[in-house]
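Could you have a look at this structure, given as structure tokens, before my questions?
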């Protein structure tokens, strides 16, 4: 059987934590769709537009044959179904992730019982890393090069400069 | 002794998770007041007005003799005192609930020592359910009928339609 | 309706944390049965015999009219049923308690659906207190008077002395 | 690529919680090895022998073509390697599972970097279920039929009867 | 060696929970800098201005020789470096604090490896206390005198009155 | 002021996780006592004798001037007092550590109010590491060289060989 897995998120912007999860998923499943959500689950407005977030992810995953970047809006399970994906990938960093993720997985399963959510533990070196912290550090003038792909680093700098003007 | 318990919340809107807790509390205590808070504890503005949230809860609890729906503003402990209630009911779904709830219980007890908070575990089938997730699913076009009373379902549909226009 | 609640545990020995929970439950429910388990849930052998644990609890609760001390063996839900109790009381100190307690509550409910488990938060000053820590401190020669009733203190000293010989 | 996943555990005895995880894994990966550990990770001696635990699992998974039951001793990663499995499956019920499982996953990855551990959330109805609780309930005379396969139920009854004599 | 530790936060406003941590840190390290952040880590706009928050803290710590109040903006690690502080103090109340704090500590360490974060457990009586809860209680007309220094109490009352007009 | 801190534990045997914590503490406080407990807090009997555990730690810390290895029995707070130490160091790896450690810290503070417990977060690369896992891996024939000092590695091999005979 050929298995397609969806790895959804806001990815505002994509960090090495996200790409690590996606690449490990790509070693496990035949196809991985890196699914950039139009609307985040939270109230916070994204710093990067949907098109920007998709473009950054496409640059990052360019070398990976079985990772495709797509955007989606609406219910994740509908997107998964349309793409014939039965598996949702989520990274887990910490206990608080765990709880929210379990609620989300339960809700998705309740809406569509043949959808499975699988969790991959974040690699130790990325445990402390999140898009929010990366943006915060960049905003305050810290060096985020160890945390994000060079193209994301450049985009963050440009965005911060634009916001200052 | 006749015991009155208060089950407070924003209930924006009431879900089957909430009504399950209230009905179980009503089997334990003589009177249960389902207390709809005027101002939510968080910054998020409710989707339903206070009057709408109260009306939905009243429809849901119509068949239950010892559950009364009331609204309140100001400190919960003052509302409890005015209603001669010594017990506050809270549902617990997850560890993160647990922590916030414990802080709240501690604060309430510190403000009024003879108030007791008791916690009821959410039924397994509602562990993943929250008003926030229900609204999110409804907003994205998913079916929330398994999660809320028919009157709440209708109200959610109407609200979503109104927001779209 | 007259409500009977059961507060079960190994109580090896009873601490001020346990008596605090029982007394608060006794303000909420008509009758509270302090139910000392013959066999602990864990592999650890109790330091005090069942008879000793019951006797200590009886001394502690002597002034409380609606708290009765009983011992039980076998399934808690059968004991609850025999005593016409529909409510199980559990104290919650910490997140790790929370999880085990939720599993236990779920299992009990699955075995007997009309049994409800309610959780009372441990008072702040007893958050760090457990029978295990109290015994450990006593064994190492520390003063456990702030943690246990005088009769338990005396019993712990006697037990420790006996173990040394 | 054909992917083999290992689902390791002590399985003393296998419950519906375990078989649910294994069957869901079997919908995701080409081959699943249900790997019964000779030595449990904890100090507790198993109630069922290794041969008994393997036989019970084989009965349970008889209808499943791509689930094979095997026993192993020694390091899990060596067993995985020998079976050309790059993926370890673990079920997650609760936060406390989460932590231990993450440590184990980190250790395994440190010992063999190309091994991946993926986590599947336990189905809501099995959240409270564990081999330990099932054995405890059986020992105390409770009905464990809702929690285990009929063959396991019979084996538990027989084992409990044998222990009583 | 003379050690300087920084205790950073938004302190909007300072509570007895914060001053307890700072005073205990001042018994451990030669100098403690109570560092009031210009921009909070979260999106929420502070109720008190930076100048007000600094002034309140200065009143609170007036009697303490080795606690200095300073404000900072930008990256905490740059502020720490400029003040020759190698240690960051954080208070821990609850598991959810723990996780966020660990991520922050990891990020700071990754940005500047010789910075150490040490955690002090909040005293039991302040476990339920936070600036957010104190403001909420004050806003709803509750008495926050047990939670904050008299000067903070007066400032909260004045602020609430100003907001009402 | 000259500050002495105690870092207590069973250290059966000392791992790189422990030595990392001790060395970081030694950069913060004037003197660090690495205090090897005669009796572990748990029921598990140590694999290494007290003398062996002390000797291994002494080899590990030989290059560190302000780290002294001592053994102790009885209450930690009495040991701390005798050594004029007001500070107890504990490493934190995970949420479950956090809870137990907070209870212990609360108990110690209740027994001796001027004792402070400070927590240091374990370095990311040692998050998954514990003495128990290291022994388990060694017992099963895995390579524990990345986790322990060469002298501990040799001792583990010898101990495992002795146990097999």
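For clarity, chains are labelled A, B, C, D, E and F in written order, and residue numbers in each chain start from 1.
By definition in this document, a residue touches a chain if its C-beta (ideal position, glycine included) is under 8 Å from a C-beta of that chain, and two chains touch if they have at least 3 such contacts.
No experiment lies behind these values; they were computed from the predicted model shown.
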In terms of residue numbering, is the interface formed by subunit A and subunit D classified as same (over half shared) or different (under half shared)? same
At what distance in angstrom does the C-alpha mean of subunit F lie from that of subunit C? 33
Whole-Å gap separating subunit D and subunit E, where each centre is the average of the chain's CA atoms: 47
Please set out, as single numbers or ranges, the residues of subunit F touching at least two other chains. 95-96, 99, 102, 105-106, 124, 127-128
Could you list each pair of chains that touch, in label order? A-B, A-D, A-E, A-F, B-C, B-D, B-E, C-D, C-E, C-F, D-F, E-F
Interface residues, subunit C side, partner subunit F - complex: 44, 93-96, 127-130, 133, 136-137, 140-143, 146-147
List the residues on subunit B that touch subunit C in their complex, please. 1, 3, 24, 27-28, 30, 86-87, 92, 95, 98-99, 102, 105-106, 116-121, 124
Along subunit C, where are the residues that touch subunit D in the complex? 41, 43, 73-75, 77-78, 95-96, 99-100, 102-107, 110-111
Complex contact set, residues of subunit F against subunit A: 95, 124-125, 127-128
